[in-house]
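By written order: A, B, C and D. Residues from 1 in each chain.
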């Protein structure tokens, strides 16, 4: 298999028209939507977002000399003497592993084009994104979510190549079938930020094909692209194939630990999933906090 | 009535303990939560967030000489020659009328203290917020939302003082009763950013007292504090009393037009409301996109 | 003449070695340096920088709805309750016409290479500049400066193509000869930011050739590249040829009005010029405030 | 001596009028200016600014997990496909020990007022500085500079309290007298950023009184306020007394190592000093690169 062209791999380019910006979210039909709504029963919620602790932008003699790098920096603003309000400014580097974020179609470029075939120079410019921005999902994504826990109570082996068979086993463990229009949440038990020097597991082209076969509408998870790349597989398969080829938006750097604990406690691996990016126009990605409702 | 002290006005300081950070969100009991979940039927979603169009941070000979000011600025990043990904950095001034945002408890200071009585110097410092940050709601707020449309199909008169009677009338129009733990969405048909020179309507102390009497857990709306302040009322009543006294988090600068249209179309003024701020720690507020699910 | 390749135009690539980062500043010999020092007599100073008025990053109900775009934005920081110090954070878009700035060699790319032949991918990356950064001049540029006032007391005609003959005339007016290692300050009386819709004058390839013939080490001025481009000339000649081909660093968007007034008052068109960029490493340009000492 | 009020310490508040913004820079008379100019002979320059290496604002899978904190962050901008120019945006936290910067009068507040008695609420607001901004020096400061090397070829003892006698000894070592209107450069051989856990030396109230007695116009140096504060002295004497009381602008976090080497080599401890802050209006401080010309 050729990592650059992957000629035999399925593609959704053109499947929903030449101007489409939603990609696989089109798979969320009325039926899928209602299936998601039906999962909301007690109304108990769990967040799929990791905690992002900003680095404070301050100076002065007491400033730290080193700091964890993070997706967000904040500066507490001076609002006036005796002002009744406190406020801050935030600087956000969205595509940073420290923040759970949604990758829009414009984030990925293949052969000089973005989904579904728009020249990248038409999609993106110095002033922002004109096609495939992340806020095309700002009306809210609501569908059934399912947890595919690849290592219940533990974590995947270092460098583990996640395959379709792994995903099948996880679905069987949860007692559900993945249906077209579902959002999958993949848990491997890996913290992608503060990891050790061990090789990180990653999604294989085989797993992405499985996603295609099952009609997955959205991907979220703590397993992304393996580092280092997996031998004998498409490098960066999740971004290259799932986002770039199948037009499945990615909730990158999600944190499914609390979700896994809740599923385990309730004995229930399906839920209503609501994904609402901030309605900020013209970007390649946005911080997001997907909420599972039980 | 004394705008600074409003001594007779009810207060929730201490109601949920001396360390509480959630405020009126504590009113979302299991019963309220389930009532919210029960509203999700078809799974159709509507966003309550206004569109925020960033101002691009660029230079060069072609730069514009004036621009709309906005809550967000973006700079498209150089990701490398031939890089497969596009990305940007965002600068966000959260408490700006151009972006729908959630005000946390730490945003408001009364008499040198923030809810429920923490000295502001303990709550906030140059490096960020330590008590009452907006991300205390990052596990997700899920409850029943109700639309209180004060001017169906139109807009409130300039300078209109919104009272409890107005809210009663809107609930009657929608055919529902506001119950403890509900989130209210108030629509007055006013765009708070690009308004004319006309006086803006605003919530009165009477309306805030009504919110208290009905056990409102969250406020969202396009009506905030009147500008100029209303004669014979507490200045800035929504922030001063609802946020500062009753500890009701505010979804400030919401945009309920699409919601009102959907309610009208479905003949249904209640819905599941899911509010998920990005999980960014230690800030006084965060951009948010509340989603109504029908 | 071919705007893209300008094959007959002189080039300084290689003149000072394959690793050089200083370009024409190498022309400032000991003799030129001493000539500059000799100009300092009374010690009276004049700034060649335009005033940059930052746009304040604030939110709140009182925020303006439009603003002049500018190279710098500032946010006054909260430094603590009762803190003895006030401070701010600045966001600087260096290559903006609102700020006087120095263009380093890495700012300009010709045929995929930067001076003196370094592949742009070796010169610049997502994390900054590795060759030809603006701070290579941070030890200070000190030489003789000369004012070439093209329109004493007035301004150039709209769209005027500045030629070598114009520069000769200005030198004659000032009663000096331009010598190798001099820095020239060109004044046309045009404000490049808030101009009208009139065509802006610009430097022609002929003028750039004149700069080469006279051994100009640094360029500063209020005349840059004509907008729209001049017919029958190399488009963007100042950047393309002076910076890109001759490796003359540009003090872009300078403001020579006060200098011209001083020269007129003193009857003296030469001076010591001291240029000191902030010592910030790894950028393509930096704000700068060149000082003329008389 | 009372650290807060220091009642017996001299003050320059009112000395140059109630509206003055320049402070001790007023001491640079025509005579002092000419004395500075006379120092420029060969035109050789030395920078007094430390190297500030920005932290790059990037995301992506390869991002570092920790970094040195620094005054400046940069993001290389996407300028377009095939664009001939490279550019970046910079975020600057001016009052950070990693960047040599000038403290303006508005930086320091004493008893709710800034020099020469302006209420801080009139001097500073959420949108910036209105009195005593750093750019009041943007026309350029030019005077004689003198190096007071407190530890030639080495460094001061940890926690050393720098007194007037120390400054006298350094002047004697350099063979010069400090005259009214001079700028002093103090070198103690301490790197204030990456220091060890040892106590840092600092300027005492006695040294600041010496500065007053000698008519010092500007201070620059690698010695600031001792950390921890010196016993039996005014805490933060340099900022509290020199900046706050005597209105001497401070070039904070200067780096005089190269200057000391040059002085040693030339056997000459006096020079022309040119200080030119970027002409950015309305801030409490600005990065600066003072240049010594020999």
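As a convention for this text, a residue touches a chain if its C-beta (ideal position, glycine included) is under 8 Å from a C-beta of that chain, and two chains touch if they have at least 3 such contacts.
Owing to the predicted nature of the structure, the values given are computational and were not obtained by experimental measurement.
> With respect to inter-chain C-beta contacts, which pair, B-C or A-C, contains the greater number?
Answer to which pair has more contacts is B-C.
> To the nearest 5 degrees, please report the angle of the rotation taking subunit A's Cα atoms onto subunit B.
180
> Any idea if subunit B and subunit D meet via the same residues, over half in common, or different ones?
Mostly same residues: over half of the interface numbers shared.
> What is the distance in Å between the mean C-alpha positions of subunit A and subunit B?
Computed from C-alpha means, the inter-chain centre distance equals 26 Å.
> Just give me the whole-number Å value for how far the CA centre of subunit A lies from that of subunit C.
Taking the average C-alpha coordinate of subunit A and of subunit C, the gap between them is 45 Å.
> Taking the mean of the CA coordinates per chain, how far is subunit B from subunit C in Å?
The computed centroid separation for subunit B versus subunit C comes out at 48 Å.
> Which positions in subunit B touch two or more other chains at once?
57-60, 75-79, 83, 85-87, 89, 91, 93-95, 120, 124-126
> Can you tell me which positions in subunit B touch subunit D when the two form their complex?
It comes out as residues 57-60, 75-79, 85-87, 89.
> So in the complex, the part of subunit D that touches subunit A is made up of which residues?
55, 57-61, 63-69, 71, 73, 75, 77-81, 83, 91, 93-97, 120-121, 124-126, 193-194, 224-225, 227
> Which residues, counting only subunit B, touch subunit A once they are in their complex?
So the residues of subunit B touching subunit A come out as 30, 32-38, 40-47, 49-54, 56, 58, 60, 72, 74, 76, 83-95, 99-100, 106-110, 120, 123-129, 135, 138-143, 236, 239-240, 244, 272, 274, 276-285, 287-291, 293.
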